[in-house]
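What follows is a single structure, written as structure tokens, with notes after it.
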């Protein structure tokens, strides 16, 4: 692109940015002592944003016209690496908490194992669960978090009201979520594409509203407190004599529980993964993918599409239920704030950014999105640059939203878009993402 | 020439009517499809041929009419009437298609179809397309996939059989060396053949083909004729096809049914149809019967 | 009876706001088949713009004629919000046009998160109270169980909505733009071949949608007297629900759906409990869709096989 044209377009973009900046940036609203809104003028912000956009646009134009953009078409992760990465990363994940513990000690490693390890793995598991529904079966589910909530509250209520143990509640939570999935799915899975999306969204909002308002049942906004913590198959992680540490002759440390939680979610996520991989090679899994490719053709081959969708929906819900009960046992308390539409949107974004249907892609996207926002929490050094009133965590969600837009534009089909065939005759060849359909349900 | 469609009907269509808003796409159509016949359904564009197919295969619910299919033998009229009165969908190998949902028509009554606009699973491989078509057999063998999840040996055997069957059809349509390529990457003619093979993997008694020769070159078209004839000869599948190329119709079909503006205007052997003045006039929309006959020949 | 009448008035007022937002959803869905998730936040943004312009006019410029101020605020909010939505479409959706169906959806969700947090960052997280305006009320009935009132605000909301809907209806039914829009809805490739400027038509669709959302935003700010950066989500989802309830893609459907959701919510709050008003609205949506899969006025979809 000729420089002059780039300059002209950049100037135009800057002008638009100046327009956008007025008045939302240039006039701040503040409450004064008498609780009256007064305006604060900051016209320099307009100039700054216009200049930033202008320069940014110019750089994008110049860089995009360089031949480098063809690289983006190539697979992000090379096929050889794709084959190796899963087993290597599983191994690395099993070693991760121990390495961290030895390296940083029980205090220093806590953040890494908990905020990064456990947090990311929860989203990996949720992403894999939703991947069955969205990535494989091609059904758009905007209320996935509802099933996560069902799982969490199942454990929270059964354990606090009836004293059931986590190990009993875990399967129950999965079953409960799956039955809710089937109950919602049965009437609505006949609906076409976008209607299904809004119905699932509505369902998510209903669940959240019920949890918020039905105080007798869920204790409303306050949530359920003091949910029993996880035990090592019966041995509590406490300093007591029959606790985990004492039984194994270790010195008591709080990190033990965190490490156990890490392994627990890792195993749960891996179960999700293995079940999904196996199902893909079974008739029902192939029918899911066929459904995503062409529902009418499926029906012409004698496939009961409603049942097929229902299994995908219920199974996806089940894994969310497992994850939900894990969430409850990890936090020790639950309230409706953890199950908002934002969560559903984040999980869906992970699936789509990962590349629909790709297990590895979903895991990578979870690392990028969740890990990325965790990293943003750490940017406290920016306070030293911009002054102490500057709060970097304010920008966390702003950047999160922006990243979703940018990543979609960068790779509309996700990080890993090619599809691995479920069966082959002579040679396993991945199917290019351009041929894979995305479903209309 | 014997008229198998009268002596040994497989599918009996009576008073079939389908309406879209004010448009009657299929208007009181009755005819029979003979067991073991290749039946050609012809008519100008918009005559209602595809709509008729969609009614047979359950994609549209007809406004009126009865579609009775007998898996084996000849169903006595009183049996069909008794079934109709009973309100159920099927009994002893006799099926009332208008009462069945689309997927049951393929799964239970074994009527398979292809589409005018090819509908392959384009992001799945050729082999996968053929294996998906054996869904119901494999579901049974894998205990609804549950037993398969724990590596049930019976499922392995069934899957091997499914792959063998797919291989058989790949050989037949000449796509064995493309088995592991995505279906969407195949050339057009190969996609048409694959769609037929996929439909055959459901073990149909009646195969409905919507313009299978459309867009094929003469060589591919001749290969298609051979394929259809061999399907009929080896699998014993009856075929109902929509076709515009008269030379194909004349060459391979035993029975021709002509639709025009949703009405059945002629029904007979290819020879009879060739000389039917109504067909000539309506089908070609020309007055000059000689010119029309020239085209039909 | 008095209660019923009062709730009817309140419900129609709320429904007008939902209807105005719903049109933006329905138009964008009709033309590019995309659920514009950021639309609710565009509405919230417009309420902020209206608020700031209002403050600027009254505090900085010292205007006192409320009618004039309201008119200028409305026009400014419409224009500036339209610019925002134009830019959003240009940046976040246009590069994804014709690609994967879910890509623009995710992009829109990202945009929605961005907008809400952007407003939070630049205007602060606290509620912004607006000085009350148009406070007069008309007594519709008196002497009953209680007095039914119709406030000037409500009259203003319903009449502004009505007038703008009529103007808008004229725009899409009678002008070249409307024709181009309907052509793009039917078949974008064909429309392009026939010389319709598809990009421009889509841009204009976003502009109109934003302008109507800005009307809703202005009225919302005035009616409730307080705005917050998180006010986009719930009205957005409700309006989207309204669009689907009415039959997505149908303009009269969006308005009727909006009024219905507004009425359901108000009546439910009045007669049962306000806690479950959202549950009521969403449940009615689900039930409607189960029995009328294309919404109230949507064209029933016969699959072309």
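Structure notes:
By letter and in written order, the chains are A, B and C; residue numbering begins at 1 in each of them.
One rule holds for everything that comes next: a contact is a pair of C-beta atoms (placed from the backbone, for glycine too) under 8 Å apart; a residue touches a chain by one contact, two chains touch by 3 or more.
The model shown is predicted, which means the values in this text are computed figures rather than measured ones.
The most distant chain from chain A is B, comparing centres defined as mean Cα coordinates. Each chain gets a centre from its C-alpha atoms; the one nearest the centre of all protein C-alpha atoms is A.
If each chain is reduced to the centroid of its CA atoms, chain B and chain C end up 49 Å from each other. Mean C-alpha position of chain A lies 45 Å from that of chain B. Note: centroid distance chain A to chain C, computed from Cα atoms, is 29 Å. For chain C, the set of residues touching two or more other chains reads 303, 305. Shown for chain A are the residues in touch with two or more other chains, namely 296.
Along chain B, residues 59, 115 each make contact with two or more other chains. Remark: chain A residues 275, 278-279, 282-287, 289-290, 293-294, 296-305, 419, 421-429, 431-432, 435-437 touch chain B in the complex. Chain contact summary for the complex, chain C toward chain A: residues 29, 35, 45, 48-49, 51-53, 55-56, 59-60, 80, 83-84, 87, 91-92, 95-96, 99-107, 109-124, 126, 128-131, 233, 237, 240-241, 244, 248, 275-276, 278-279, 282-283, 285-286, 289-290, 293-294, 301, 303, 305. The residues of chain B lying in touch with chain A in their complex are 57, 59, 102-107, 112-113, 115, 119-125, 127-128, 131-133, 135-136, 138-139, 142, 144-145, 148-149, 155, 159, 163, 167, 170, 176-177, 179-182, 184-185, 198-199, 202.
Residue ranges of chain A in contact with chain C, taken from their complex: 16, 19-20, 22-25, 27-31, 35-39, 45, 134, 140, 187-188, 190-192, 194-195, 197-199, 201-203, 205-206, 209-210, 212-213, 296, 341-342, 345, 348-349, 352-353, 356, 394-395, 397-398, 400-405, 408-409, 412-413, 438, 440. Interface of chain B with chain C (complex): residues 20, 50, 54, 59-60, 115.
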